[in-house]
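Chains here go by letter, A, B, C and D, matching the order in which they are written, and residues are numbered from 1 within each.
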Amino acid sequence: MNLKRLKEQVLTANLDLPRHGLVTFTWGNVSGIDREQGLVVIKPSGVSYDKMLLEDLVVLDLAGRQVEGALRPSSDTATHLVLYRTYPELGGVVHTHSTHATAWAQAGRAIPVFGTTQADYFNGAVPCSRLLTPSEVGEDYEGLTGHLIVETLQQIPILTMPGVLVANHGPFSWGKDAHEAVHNAVVLEEVARMAWLTHQINPQANNLPDYMLEKHYQRKHGKHAYYGQTKA
Amino acid sequence: MNLKRLKEQVLTANLDLPRHGLVTFTWGNVSGIDREQGLVVIKPSGVSYDKMLLEDLVVLDLAGRQVEGALRPSSDTATHLVLYRTYPELGGVVHTHSTHATAWAQAGRAIPVFGTTQADYFNGAVPCSRLLTPSEVGEDYEGLTGHLIVETLQQIPILTMPGVLVANHGPFSWGKDAHEAVHNAVVLEEVARMAWLTHQINPQANNLPDYMLEKHYQRKHGKHAYYGQTKA
Amino acid sequence: MNLKRLKEQVLTANLDLPRHGLVTFTWGNVSGIDREQGLVVIKPSGVSYDKMLLEDLVVLDLAGRQVEGALRPSSDTATHLVLYRTYPELGGVVHTHSTHATAWAQAGRAIPVFGTTQADYFNGAVPCSRLLTPSEVGEDYEGLTGHLIVETLQQIPILTMPGVLVANHGPFSWGKDAHEAVHNAVVLEEVARMAWLTHQINPQANNLPDYMLEKHYQRKHGKHAYYGQTKA
Amino acid sequence: MNLKRLKEQVLTANLDLPRHGLVTFTWGNVSGIDREQGLVVIKPSGVSYDKMLLEDLVVLDLAGRQVEGALRPSSDTATHLVLYRTYPELGGVVHTHSTHATAWAQAGRAIPVFGTTQADYFNGAVPCSRLLTPSEVGEDYEGLTGHLIVETLQQIPILTMPGVLVANHGPFSWGKDAHEAVHNAVVLEEVARMAWLTHQINPQANNLPDYMLEKHYQRKHGKHAYYGQTKA
């Protein structure tokens, strides 16, 4: 993919955050990667969505060296880069402080898989990380947040669990490109809201049994998927 | 009714889902039936509402054979067909994952009839199904979801209870045509929201007594109804 | 005031209900009265707000005889008329099923006066009625709902308590004209929402003490009021 | 700064309140100060945002003497003036009854610092005041509300805690100018909403540890801040 095309995708994906009600002010950032060139495009830090232009986007290599752009990249850039380096399947990463997902992160709780809505996208509960220690925070805060996400996901195949909660902070999500990463951020916020309501109505609500989780996840993402128009 | 007219109704009814805030992305589907010809028109699977055209709709007979349309029908089509085959009174069926109704479904709880808002449309609590068993899920998942709804409704006259919750999944609703089915889906979401709030304010809130339920249901739907302009 | 002017006011006030998010479909009605002529103008039953025209409004005398209009008046008309006959100060009456106020009504609970927002409009807790008995419901349901409101308000001066909850049903509000009645319906919904949240955050939250209630109510409505531009 | 410029800023900041969903009707007010001339510009009392013009704004000196404007200033003017006289760093002050922040104020509870969203703006929990006593309310209610805020903040540097809750009333916030004060009012409402949800999901949720609070507050506001484009 050429870099201009990637920048357009990343700009659109960033502008989709306020359109879907996921951000207050500038509290969110989307990046995308060109795997062939090894270049990441990311939102600049603290720039309003309604003033953001293509040339404001920042281009970096996977080691974090700034290749293009006059502005400083998102303060969460190091977290994005760790995820791209660890998971070659990822094409886009999003971080927001969307209200309900952040509330679960602040509560320090994984989002239980209460229903098929979540099972259609997440192959289980959305995990919540531990807190970083004082020495981790003092050292390389944003980079170690990336490693914390990797630690939290354990060995789960990354595209079967397209989001995570960083404790007392907020959600990160991802996908095969920037557009899908934002799509998954919208889903994560909505399942977080539904799970909160479910918990309010019935504090003893049961998790979706494994055979239902499997059924829903596979009918949409498995080898024999039959949801949508594009799967084989 | 001619088929073109039915398609227009079904398209409009599908587009009404996002307009009423009932769906995220493509998470919902509406169908309508022409009883004379025995043909069902339904939304295609996984197509965005903002790009949906009349020719994208899929036409099937009641046995599920595709009669018109190049796209694959909604993955929930088999559920719709069971409802049409079981209840000759139905003219339209809707499935959504609307937030509050889905939360009650995830909580595995019927929506109690706390007030006259619900009594104006539903002749009692909105029932919640049991879970399908592993063997049911493995066999004919969507068709058996339809039979599960029929089992859950027991012998209730279908148009006096225009919606149901499928446990850990979400709401289905219906009506004498696709438009009324969507209308009832909006009502179901709103009564689900009010019931959640009621339960939060007073966990011991009483159900509406039977004589009030009867009064409200009958003043709107009974032989001597006097609500609106069109009843006799 | 001439009748045409009153009709315009009542139409505008009815259209303000959806504009302020107080109604789903046709679930609300506003009336206004011309005290000199003894004529009440009210919304027709079951007509959509987006299609309502001036000529659809219904004119009745205080005894409920229809004077103008081809359509049937709101099914709650008898309730409005009892209020107008009982309280000569009233110029407008509103009934809605607004979400949070209805939830308190369904919970069978008065809205406690937790803060100055409520004290600026309501001189105390917003009372909740008892349920009508089976024989009352069987007799003259809507008229007796009006008498139930009067019973619930006891001897409170009507304009110092511009709203009430009818148990398991929903809120009624009023004011010196139709516009003010809708204004108070908006306030009632917002204080209901704030009171629910307050109760969630702290189930032992204290009521505003009487001296604060008095201060706020009087600085806005008392003889020496100094809020706004129009008070002396 | 010239006075016309300040008026334009204060008008824009007032109009931003409804744009951000912070106010119902006229329930909010923003002021700004020109420190050189010692003049405060504030919203008039009880005027609708959609009709407010530049010439409606009221200009006062720090002693509260009206210098310009035909209308009566906001009834909360005396509170704003105490804050400007006490804290020379302040350039703008806002008062609203925004829903979730008001709920915490009504609950009489400080907003705990559950996550980094709050830590990015507030250097700790947002404190909640005591109630004014009967004699304080009887004497100089609005002025003493200002002194109550000062008492509540104790010795906290004012710009590190850009908001407070007045018990059973609602939030006040501030900043180096009127625009920043409104920005902080939006943040306060959002962190109040997130904290309520967090508390619902996990009543034993932990506060953000001090080392994380420090890290987030400093990366945005400290000497070595690296968030955004304008910090050194």
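Keep this in mind: contacts are C-beta pairs under 8 Å (C-beta built on N, C-alpha and C of every residue); 3 or more make two chains touch, one makes a residue touch a chain.
These numbers were taken from a predicted model, which means no experiment stands behind them.
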Worksheet item: Under the touch criterion given at the top, what is the topological distance in steps from chain A to chain D?
Response: 1
Worksheet item: If you check the contacts of chain B and chain C, which chains show up for both?
Response: none
Discussion item. Same or different interface residues for chain A and chain B, judged by whether over half of the residue numbers are used by both?
Written reply: different
Worksheet item: From chain B, which chain is the farthest off, judged by mean CA positions?
Response: D
Worksheet item: Per the centroid of Cα atoms for each chain, what is the distance between chain A and chain C, given in Å?
Response: 46
Fill in: Cα-centroid distance, chain C relative to chain D, in whole angstrom
33
Worksheet, complete the sentence: Contacts with two or more other chains occur in chain D at residues 200
Item to complete: Go through the chains and record each pair that touches.
Response: A-B, A-D, B-C, C-D
Item to complete: Sort out for me which residues of chain C touch chain B in the complex.
Response: 24-25, 27, 44-47, 71-72, 75, 97, 99-100, 102-109, 131-132, 134, 137-138, 141, 168-170, 196, 199-200
Item to complete: Would you mind writing out the residues of chain C in touch with chain D in their complex?
Response: 114-117, 183, 186-187, 190, 193-195, 197-198, 200-202, 205-206, 208-209, 211-212, 215, 219, 226-230
